[in-house]
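Multiple structures are listed underneath, in structure tokens.
What follows is a pair of complexes built around subunit A, which joins subunit B in one and subunit C in the other.
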Partner chain A sequence: MNGIEVNNITKRFGDTLALNQVSLKFEPNKIYGLLGRNGAGKSTLLNIITNRLFPDEGDIKIEGLASVENDEAQKKVYLMSEKNLYPDSMSCREVFKWSLMFYPNFDLEYAKELAKQFGLDINKKVKTLSTGFSSIFKIVIALSVNTPYVLFDEPVLGLDANHREMFYKLLIKKYSHSPFTAIISTHLIEEVAMILENVMIIKNGDLLINESCETLLKSGYSVSGTAKQIDDFILDKEVISIDALGGLKTATIIGAVDKSTLPLGIEMTGLDLQKFFIKLTNEE
Partner chain B sequence: MQINFEDERPIFMQIAEGIEDAILTGAFAEEEQIPSITELSVNYKINPATALKGIAILVDEGIIFKKRGIGMFVAQGSVLKLRNKRKELFYEHYIKRLIEEAKKLGITTAEILDMVERGYEE
Partner chain C sequence: MKLSAIYKFQLAEHKKSIIVFYLVIIAILAVVFTINIVSVLIPNQSNFSIQLSGIDLAPTIFLFVCGLNAFKENFQMSLQNGISRKSLFVNRIAVDLTLAVGMSLLNQIILFIGKSMALFSATIQYSSLLEELYGLRYAGHPNGLMLYLEIFLFYIFLFAAFLSIGYFITVAFYRMNKKQKIAYIVGFYILAFVAFPLIDELLYKLGIFSVLISEVLLRFLYAIMGVSAQNPYIAMISLLIISIIMRSLTWLLVRKTGIKN
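What follows is the complex of A and B.
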């Protein structure tokens, strides 16, 4: 059985239900987006897949192998976590060397090359890195590790616009040359949406959406025009947000669009993913 | 070529149309090689599967052909083929919209024709 199968995972922290019977599947060689607000349960799921946490119920299979306490399964997966788990006293260069011990396919030369491209001084100690360079350091390892599954937990944390762009481009290049499964957890949906093949949205421990990105983008649209035009148009439609500016209105609508019924003067654009995401994950 | 999220068209369509535009303007000449899937996806920061889907449309239409192990090329006769295809869409995409905007601004048919002539002269 290929891929990572998550079956009915439930995890509680005291009274908090972090994950509620979550079932999903990560297929080989696809790029996934795991989206949700802070505390939605994204990191918990990634940590359970990689044995840093254990579920209260349910199980996970990695290419058919049980994930718990199973080196054979775990060596197929690499988690770039938000937390820095490397010893403070180690230099980046030393961590690279250690990575090679744990992950035999770690490409040391490529890692050094990436570090150079990002302007990361690998002689620096891990603890002295700024938030941005700490993320870069972890990105470099994640892109060089060459495991079939790479999990990125908030990879662009603290990165400036240039470095974020570099990361996305390097990820695509790497994926394009030697496909692997990438799971990117983030709350910056707009930025990654074009890269993703599938999108999973988690809210308060529940899996709300598990859809191809293309289908998701087709699930709604935005229209703008005069307030009167928009008010008439949206009467029989499912509207998730309305912005008014003077006499003008923009509405985001869920559902299929029939362009031939679109009144003259109303402009249509694609679904605003960020608005869709905010609406979906908002507390009622 | 611009890839835009806000555009109502799916991204793979935008890729296909962007390459069509490049062929029509001569940026990608007939018989010449076009960028690879990797180059396209890295450049536009899109999933390679999406780029592939866009290219597949053009391959199906015989606009682009693949040479195994070498890359993708613009087929001979593509420009003519694309011109004919685009002409059919011209009324739908441009004339309708032009008239819509003209009505909003109160521009008459005669005024539009004048502007078209001026546009051709400039």
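What follows is the complex of A and C.
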């Protein structure tokens, strides 16, 4: 059985229900977006997949192998976590060296090349890295580790716009060169939407959406025009957001539309994933 | 492949500190040797003598501290690199056995150097812990092969036991939250250094017990360490039992330990 299968996972932290009977499947060689607000349960799910936390109920299989306490299964997965688990006193260079010991397919030369591209000084100790460079350091390892499944938990934390763009480009380049399963947990939807194939949205421990990005983007649309035009157009429609600027309005609508029925002067664009996400994950 | 990686990683962590530790020991021996030479050269120093005993016990404390520092980083590194708790635990035992055997061997070399110095200099007296504890057994054979063999074996068990105690303490502390840690430290201090001596003295003075509890405990310690029977093999068995108990308790704590934020 290929892929990572998550079956009925429940996890509680005291009175807080972090994950509630979550079931999903990550298929090989796809890029997934695991989206959710802060505290939705994204990191908990990734930590359970990688045996860092134990679920209260349910089980996970990685290519048919039980994930709990199983070195064979875990060697197929790498998690770039928000929290740094590498020894603070080690230099980045030493961590690369040890990564090669733990993951025989780790590409040391590629890691050094990536570090150079990002401007990461690999002689620096892990504890001296800023938040941004700490993320870069972990991104470099994640992109060089060459496991079939690479999980990114908030990968662009603290990164400036240039480095964020560089990361997305390198991820796509790597994926195109040798496909693997990338699971990107983030709440920066707008940026990541372009590279995702599948989207999973978690809210308060429940899986709300598990769809291909294409299907999700087809589930709605945005229209813009004068305030009067938009107000008339949206009367009988499911509107999830309205933005107004001067006399112009933009509305995001759920549902299908026949382009030929659009009134003159109204411009239609694709669904804004971020707005859709905000609507879905709002607490009201 | 991965199992050996975590073994190597854990072992590598001790490399620098072991080198520093033995450099200090060698420095102490060098100072003793220099003082001895100087004392011979200076007249009217005929009564000058240096007694070195139990220097071979120092690695025990060193390894106890090593045990105390051997969990958090290794545990995090294991989880980051897909190593299970079971593999980490099994490899930890292998690392500790390697350290125990290696350090026991180095201890032999230090002991041999110390005894050689004592042999060539009448002003230096050098004896091992085993000679202190089991004096009757080794009386008249300060350089016997049996002594060296038994010291080697004894220290393997002693080092392994202290490593396992240190490791258990650090794992237990990792599992505790801040309040539990404070309660444990304060509670231990009060029990060991205030309540116990007080109760021990009180029960004895009130005539409830005819002998001090501390004395009974000391006799028990002598018995399990084979001092009463002058048999170091009893100590080895006791230390092995302590190691097994500590490792078992540690495993109970490690097997369900999760990552902390």
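Some notes on this structure:
Basically, the second predicted complex is superposed on the first by the 281 of 284 C-alpha atoms of A that agree within 3 Å, B and C clash if a C-alpha of one lies under 4 Å from a C-alpha of the other, contacts with A are read in each partner's own complex, and residues count from 1 in each chain.
The rule is simple: contacts are C-beta pairs under 8 Å (C-beta built on N, C-alpha and C of every residue); 3 or more make two chains touch, one makes a residue touch a chain.
Values in this document were obtained by computation on a predicted structure and should not be read as measured data.
With both complexes brought onto subunit A, simultaneous placement of subunit B and subunit C is permitted, the two fitting side by side without a clash. After the chain A superposition, the centres of subunit B and subunit C are separated by 150° when viewed from the C-alpha centre of subunit A, nearest 10.
Applying the stated contact rule after C-alpha superposition, one finds that A:Tyr110 touches neither subunit B nor subunit C. By the touch criterion defined above, A:Phe180 lies against neither subunit B nor subunit C after alignment on the C-alpha atoms of chain A. Once the two complexes are overlaid on the shared chain, A:Pro87 sits against subunit C while remaining clear of subunit B.
Of the two partner chains placed by superposition, only subunit C is touched by A:Met101; subunit B is not. Using the contact criterion defined above for the overlaid structures, shared-chain residue A:Met268 touches subunit B, although it does not reach subunit C. Once the two complexes are overlaid on the shared chain, A:Val77 sits against subunit C while remaining clear of subunit B. Looking at the shared chain after the overlay, A:Glu165 reaches subunit B, while subunit C stays out of its contact range.
Shared-chain residue A:Thr50: touches subunit C; no touch with subunit B. Taking the two complexes aligned on chain A, the least Cα distance separating subunit B from subunit C is 28 Å.
Of all residues in subunit C, only 1-3, 5-6, 8-9, 73, 76-77, 79-87, 256, 258-259, 261 touch subunit A in the complex they form. Residues 3, 5-12, 37-38, 41-42, 44-50, 100, 103-104 of subunit B are the ones touching subunit A in the complex. Residue ranges of subunit A in contact with subunit B, taken from their complex: 30-31, 165, 168-169, 172-173, 175-177, 190, 193-197, 213-214, 217-218, 221-222, 257, 264-265, 268-270, 272-273. Residue ranges on subunit A touching subunit C, taken from their complex, read 47, 50-54, 69-71, 74-75, 77-79, 81, 83, 85-87, 98-99, 101-104.
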